[in-house]
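Chain nomenclature is as follows: A, B, C and D, assigned in order of appearance, with residue numbering initiated at 1 for each chain independently.
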Amino acid sequence: MSGFDKVVTSYEEALAGLEDDMTIIAGGFGLCGIPENLIKEIKRKGTKGLTIASNNAGVDGFGLGLLLEDKQIKKMIASYVGENALFEAQMMNGELEVELTPQGTLAEKMRAGGAGIPAFYTATGYGTPVGEGKEVREFDGRHYILEEALNGDFSIAKAWKADRHGNLMFRKTARNFNPMAITAGKISVVEVEEIVEVGQLDPDEIHLPGIYVNRLIQGTFEKTIEQRTVRTA
Amino acid sequence: MALTREQLAQRVAQEFQDGYYVNLGIGIPTLAANYIPSDMQVVLQSENGLLGMGPFPLEEEIDADLINAGKQTVTMVEGAAIFSSADSFGMIRGGHVDLTVLGAFEVDCQGNIASWMIPGKLIKGMGGAMDLVAGADNIIVTMTHASKSGQSKLLSECTLPLTGKGCIRRVLTDLALMDIEDGKFILRERAPGVSIEEIINLTGGKLVVPDHVPEMTF
Amino acid sequence: MSGFDKVVTSYEEALAGLEDDMTIIAGGFGLCGIPENLIKEIKRKGTKGLTIASNNAGVDGFGLGLLLEDKQIKKMIASYVGENALFEAQMMNGELEVELTPQGTLAEKMRAGGAGIPAFYTATGYGTPVGEGKEVREFDGRHYILEEALNGDFSIAKAWKADRHGNLMFRKTARNFNPMAITAGKISVVEVEEIVEVGQLDPDEIHLPGIYVNRLIQGTFEKTIEQRTVRTA
Amino acid sequence: MALTREQLAQRVAQEFQDGYYVNLGIGIPTLAANYIPSDMQVVLQSENGLLGMGPFPLEEEIDADLINAGKQTVTMVEGAAIFSSADSFGMIRGGHVDLTVLGAFEVDCQGNIASWMIPGKLIKGMGGAMDLVAGADNIIVTMTHASKSGQSKLLSECTLPLTGKGCIRRVLTDLALMDIEDGKFILRERAPGVSIEEIINLTGGKLVVPDHVPEMTF
């Protein structure tokens, strides 16, 4: 009766089957709520030629920035990048292809991928470089462009708490892209801070049901802060 | 005198109304939160998935799981709510945010805005800016009226890649507050001590100057 | 400082501004999680010529069925109807126009209406009467039809708990269509079982943020059960 | 002998696998939940927004806020999750449910299904059926092989308005289990004591009969 137990015990097992040239949908915003240990495992594995959809690309030496060091990423689909020098260098010399996608469109493309919506119209990007080559259509006198769903071979994400069936809860703004990213991957791998027994989470408080989760692993997290801003009392 | 950053933020804050849900971009727009009138309540939306953003945390309150769209550590006010990025941009795209304030490189009198890319120089991406300008009915763009070398940023046609087309209706610069109507900038207010002539000289796009253009008050 | 206090104290006030020939988006599934008192108020007001989007149309004498008695509904957009005789009679004699919409498409049309997505593609209904007259398009070798967003002048919905700012929590399967319905109305009115002070709800556990709620009222509910099924111990 | 309702439900349950998320339609499909093998765990999805549906409640457990897609009062098992209708159909449409079982009026050998409307007679609506057949890869249709008057429900072309086009690949009737491939029904199993001839006689669409067609076992 272990069909629903999604827990794996090693990061190797968590990313088994990830191969060169695959597409990965990743959760996280900046360095907040990123699957930091799954990223480290991809670095260790040395998988190459990856296409990664993620709002950001990490920083030098942390998050997805790690995968730039050995040139593992072929293409980034992101809304905001270049917080790290290596990224900019690889983009400028053409080693790294970048598809800039508005943040809301990126989130919606992931959601659509998970929800069986192959494409949707949005006003975002109409009349801008983002709209170039895309179908334009008028609804109610306003212009919209057609955007297609995003799906991945894998998705990697981070949640706060899970039960063994993969029912997930996120914490504060570490939720961000994680729920949609998880739904959009053929094999979804989620690392969490805590795994509880089935029945311990209130069904009304689950942010994402376990049906979307294929593999679950408990990790420990550095949670690097990008912009440490404080006030004084 | 051109407005200081603080005065720009103060003038933005005059656009707030009690009960407004507001999204403030990085930089000067964010400063406006410091000038919310005390008889008024405004709730701040942060597009990474937070409604009810509070001030920066005290040192001991810092939480890596709680940041704003500028990736800065923040806090939550009472009544805050957390949601996913898809839900956040559903909120924005669906027009539920009452006021959006953001910076720009250029605005033109067709209501176009360029704020995210300088070809060959700055290619960091648009983040949420394209969604914000496409989703909001009520947007204020804040920026300096002209570059340091005196080039107007208020043009008849934007020269940089656009963030949004025909979506801007109000611009606040360090010199003036302008509305955009029917392909023209309409001068509404001027910074204290700034002459109408100076504004005319530094505005590239068609500018309409009404009979009476009051000075801003703070 | 009452700008965010959404609480109104009478049902009359809750539905002020609702006029003949308007469109209403309603939450609820069957009789579960329906805004029963708001419906009663519409009956009392006698508003006519209404277009109502709701998954179901209530039963004789309860829920939206009440609005059939005085022929207040001109058109129903629903996925499953005819649980009541009056509905069938009015539909058959042409007094009531009915636009049958698949349940998932209906939910997605409401979500799209609230989220600024004017239209989306779905495989649901392709090649069936639902797809007639709609654009068909192929993505990845599969056929999809174009469905447009739904928006209303008003939305009426039911939640479990709210704070005064309108942050909402739903209870069990009474959640159903309520969250999307609320986002799709120009003026959204929500009735709840309990209103708590601002700050009493955990930000991570709010199902729908108050930004979507215009008016909030506390009610008492009959919660009629449509199919009372039990097992014996 | 034609299968009883209980036998139909039992045969459906043989399609379950440990770890399957399953959506069971109203009627016979729902009964299949009673025959989940004891060495196996299956989680039931109810499209009104529940994953982890349990049995009917005891009298004292009845909760008006907890119903299934057939509007019947139900319970939740441990590990259940609640979500909105939009999220529920995202789950269905996105192909995340492993197995869907539903009834029908007619199925044809092109994989078309008609299950929701009899013009002039039954016009109650499609509910979630169109979404379910469009979203699932793995669907079993359960129905009687023929009407009471002996009219086949397994046709070369459906006569009633469709629920879905080309989406059905497996049909279980009271007489037989069939796959649909390349425009033909393929007879896989027959009900105990039912002859192949009887099945051929009551099948309107093209039927392929392999050399060996085992009887179902329970």
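By our rule, a residue touches a chain if its C-beta (ideal position, glycine included) is under 8 Å from a C-beta of that chain, and two chains touch if they have at least 3 such contacts.
Values in this document were obtained by computation on a predicted structure and should not be read as measured data.
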Under the document's definition of touching, what chains do chain A and chain D have as common neighbours?
C
Hey, which pair has more contacts between C-betas, B-C or C-D?
C-D
Please work out the Cα centroid separation of chain B and chain C, and write it as a whole number of Å.
35
Suppose each chain is reduced to the average of its Cα coordinates; what separation in Å results between chain A and chain B?
29
Calculate how many whole Å lie between the centre of chain A and the centre of chain C, each centre taken as the average of the chain's C-alpha atoms.
32
Can you pull out the residues of chain C that are in contact with at least two other chains?
108, 111, 115-117, 122-123, 170-172, 175, 203-204, 207
Residues within chain D bordering two or more other chains:
50, 76, 82-83, 89-90, 92-93, 134-135
What are all the chain pairs that meet the touch criterion?
A-B, A-C, A-D, B-C, C-D
Touching chain C in the complex: which residues of chain D?
46-50, 55-59, 62-68, 70-74, 76, 82-86, 88-90, 92-93, 112, 117, 123-131, 134-135, 161-166
Can you list the residues on chain A that touch chain D in the complex?
1-4, 111, 113-117, 163, 165, 167, 183, 198-199, 201, 203-204, 206, 209-212
Residue ranges of chain D touching chain A (in the complex, touch as defined)
17-21, 39-43, 45, 50-52, 76, 78-83, 89-97, 134-135
Chain C touches which residues of chain A in the complex?
108, 112, 115-123, 137, 139-140, 142, 144, 148, 169-172, 175, 203-205, 207
Over in the complex, which chain A residues touch chain B? Could you list them?
29-33, 55, 78-83, 91, 98, 100, 102-108, 110-111, 122-130, 143, 160, 170-180, 207, 223-233
